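Across the two complexes that follow, chain A remains constant while its partner is chain B and subsequently chain C.
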Partner chain A sequence: MKKGLQLALGILTAIGGFFDIGNLVTAAQAGATFRFQLLWPLLLGTIIVIFLVEMSGRFAAMSGKTIPEAVREHFGVRFWAVPFVVLVLLHLLTLAAEIGGIAFAMQLVTGIAFQAWVLPIGILIWLFLWRATFSAIEYSTASLGLVTLCFVVAAVMLHPPRADVLSGMLPSLPTDDAAKYWLYAVSIVGALIAPYLFYFYSSGAVEDEWDRTYVGVNRAVAVMGMSFGAVITAGLIVAAAMVLHPRHIGVESINQVAFVLTDTFPAWGFTLFAVSMAIACLGAALEVALSLAYTVSQTFGWRWGEDLEPAKDARFAMAYTCGVLLASLVMLLGLDPLKLTIYTMALNAMMLPVVSVPFLLLMNDGRIMHDRRNGPISNTAAALIVVLSFVLFVVSIPLVMLGS
Partner chain B sequence: MHVMRELLDKQIVDREEEPVGRVDGIVAELRAGQPPRIVQFEVGFVPMARRIHRGLEGWSEKWHKRFGIRRSARYHIAWDDVIEENVHHIKVDVTAEETVAYDWERWLRRHVIGRIPGATREE
Partner chain C sequence: MEELDAAVSWLSTVEAVALRWADNRVPVRYAERTIEEARDALVKSGQGDAARVTAATFATVQRRNRGGVAAAIAAVHAQREVLEARLDAAKHSQ
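Entry: the complex of A and B
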């Protein structure tokens, strides 16, 4: 019974953690510009994310360790130092983008410029982290995150041409604007495979004291939670294709994305969009800030845990406090949240080899994983992920330069 | 040398299994005709920085001297204090809270984190 409940809550959490500013922006741009043609990177990214999330949960359940600590222990600090610094910066940029997303949602509803919202939102995020336990954060943002199902409702009610949607699931070559097409494709994958997702998930499994009896629950959470998350993202691509594309709205700013819901929900579509964006970004911001504190604390071997009172793990609390402060300052510099998101997502894609390769090697270490090592299916998937990650590594920076 | 590589970067815990830090460096004694013998572990940013890059070591040493929160940049734990060593951690016969490795933790608690309301949660 307890596991059944955890399964349900786990799936909710997975949906909540999946959909954030990155998915929102990349999906809306993809739909608005290329209609259904970029559904396939979403499908591909979801398959990758299912495998990686399943593996990070299984790893935590079997070893009691999270990914950052295991990578430092097994590959040494010389290997880990540079990726660690880059990952910390990437966490800060992602957190800044999420804060920007909430601030923009507030601007949509109130009309007050988003810069004015940055600091209050930073304080709100920090207060959540300061006061709440891990489960409280996990379940509150997860259940509120269900509001993002409105994109799926909109997509269904807009009656998209079924054949076009299905053909979009298959990879295809762009007919025009190839640089933008591939930048969006890479950004969609980058938004899905953001490192914070795996680090947060594996640390959460350790916080919830998973052991080997959770391997089954973990698999179900990974498959169902990530698939539901992908359905929401697909809903947004389809809605953007149906509403924004015919009107030639290319999503130059986040404001324009809000129109995706106004055809279906004329009276309150705008507000619903703002609420969905604010909740999705708030949930993600909490996860990113925690993931940052987890990564730093685990790398240095400090005491860590969101369930401990801040005075018991002062360095951990200091890590997320500084993270939220710095990310808020980045947003206050006046960066465009839309551009920041696109670049951060491409950087996420670039970091995939560093995140995935050492981790995938550890998944085959019998001393850690015992009888739950990767089987042939997981290892085939892992090999494909490694190949793809190197492709993404090579193409992401040139694409950002060309596409912008 | 293989043993040393296994030990480096491992999590060190105290007798209550509270985290102390990681094995950032190892001090070994070279013996003629015999394999080197591990004398102590080092815990701290400075020994860790040395393993990453020599220049980083000097920089972090300067940083340590300037702020001087930690009593010493290198916290040494004698090999003789090791109670248990397994795949997960190295357990040593100390109390984490009282060690040099917790100087920053205690300083932050006293001067920053502990001063903010809600730093301790009532059950």
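Entry: the complex of A and C
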């Protein structure tokens, strides 16, 4: 019974946690510019993220350890130093983009400039982290995150041509603007495999005291939760393809996406978009801030846990406090949230080898994983992830330069 | 060509947003901000005529003149067609 409930809540969390500013921006740009043609990177990225999330949950359940702890222990502090610095930077940029997303949603609703919302939102996120338990954060934002299902409803009600949608799921070459096409493809994959997702997931599994009996629950959560999350992202790609693409509207500003639901829901489509964006970004911001604090605390061997009183894990609390403050300051510099998001997502893709390779090596270590180490399917997937991550690493830099 | 493409996209955005504002589907502050953003982008890219019709639409929305928005949208639409024709010609000449 307890596991059944955890399965349901886990799937709910995965759906809520999957969709964030990165998915929102990259999906809208992809649909508006290339119609359904970029559904295949979503499919590919979802398969990768299912494997990575499943592995990170299985690792936590079998070892009782999180990824940073284990990498540091097995490969040494020097080896972990570079991935750690990269991860902290990625977390901070992603957190800044999520705070920017909430602030922009507030601008849409109130008309007050988003810069004015950055600090109040930073304080709200910090208060939430300071006061709430892990479960409260996990389930409240996940339940509210279900509002993003409105993109799926809109996609269905807009009656997209099925054959075109299905053909978009097969990889294809661009007919024009190749640099933009590949930048968006890389950014879609980068938005899906953001390291915070599986670092947060593995730390959450340790917080929830998963053991080997949770391996099945973990697999179901990874497959079903991530798949449902991908359906929401696909819903936005389809809605953007049906509403923005025929009007030749490319997405250079979030303002150009904000009316995407008003054809389907005339009276409240605009508000629904803003609320979906705010909730998705809030859920993600909390997860990213926690993931940052987990990574820093586990690297330095500090006491950590969102369920502990801040006085009992003061350095963990200090890590998320500094993270939220720094990310808010980044947004206060006046950066465009859309541009920050697109480059951060490309950077995520670029850095995948640095963060994934050590973890994938640990997944094959029989001393840690015992009878649950990677089998042939997981290892084939892992090999593909490594190859793909190196390809993304090589192509990302010129793409970011050409695409901009 | 990229600049023409962006100008068409912004003009199309102005049409869509102004129309939805007239239909009460989006709030006035959002419509103003988006049309203003479009005008600034068009000025920056040197699309003088496009920026002018966008500025006229902005003024119409700013005055809350729902009755006058149809004429403003028609002018934006006409300008968009001009730019689209130019864009098509540029694509064919490549």
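Just so we're on the same page, the second predicted complex is superposed on the first by the 404 of 404 C-alpha atoms of A that agree within 3 Å, B and C clash if a C-alpha of one lies under 4 Å from a C-alpha of the other, contacts with A are read in each partner's own complex, and residues count from 1 in each chain.
We adopt the following convention: a contact is a pair of C-beta atoms (placed from the backbone, for glycine too) under 8 Å apart; a residue touches a chain by one contact, two chains touch by 3 or more.
For clarity, every value in this text was computed on a predicted model and none was experimentally measured.
Look at A:65: by the touch rule set out above, it reaches chain B but stays clear of chain C.
When the two complexes are superposed, the chain touching more residues of chain A, out of chain B and chain C, is B. Of the two partner chains, chain B is the only one that A:301 touches; chain C does not reach it. Of the two partner chains, chain C is the only one that A:262 touches; chain B does not reach it.
Once the two complexes are laid over each other on the shared chain, residue contacts for A:253 go to chain C alone; chain B is not touched.
In the superposition on chain A, contact is made by A:310 with chain B only, not with chain C. In the superposition on chain A, contact of A:216 is made with neither chain B nor chain C.
In the superposition on chain A, A:76 makes contact with chain B only, not with chain C.
Chain A uses no single residue to touch chain B in one structure and chain C in the other. Taken together, the chain A residues at the contact with chain C in this complex read 107-108, 110-111, 247-250, 252-253, 255-256, 258-259, 262, 266-267, 269-270. Considering their complex, residues 5-6, 8-10, 12-13, 15-17, 20, 23, 25-27, 29-30, 33-34, 37, 41, 84 of chain C touch chain A.
Residues 5, 8-12, 18-22, 24, 48, 51-52, 87-88, 96, 104-106, 108-109, 112-114, 116, 118-121 of chain B touch chain A in their complex.
Within the complex formed with chain B, the residues of chain A that make contact are 63-65, 69, 72-73, 76-78, 81, 130-131, 300-304, 309-311, 313-315, 317-318, 321, 367-368.
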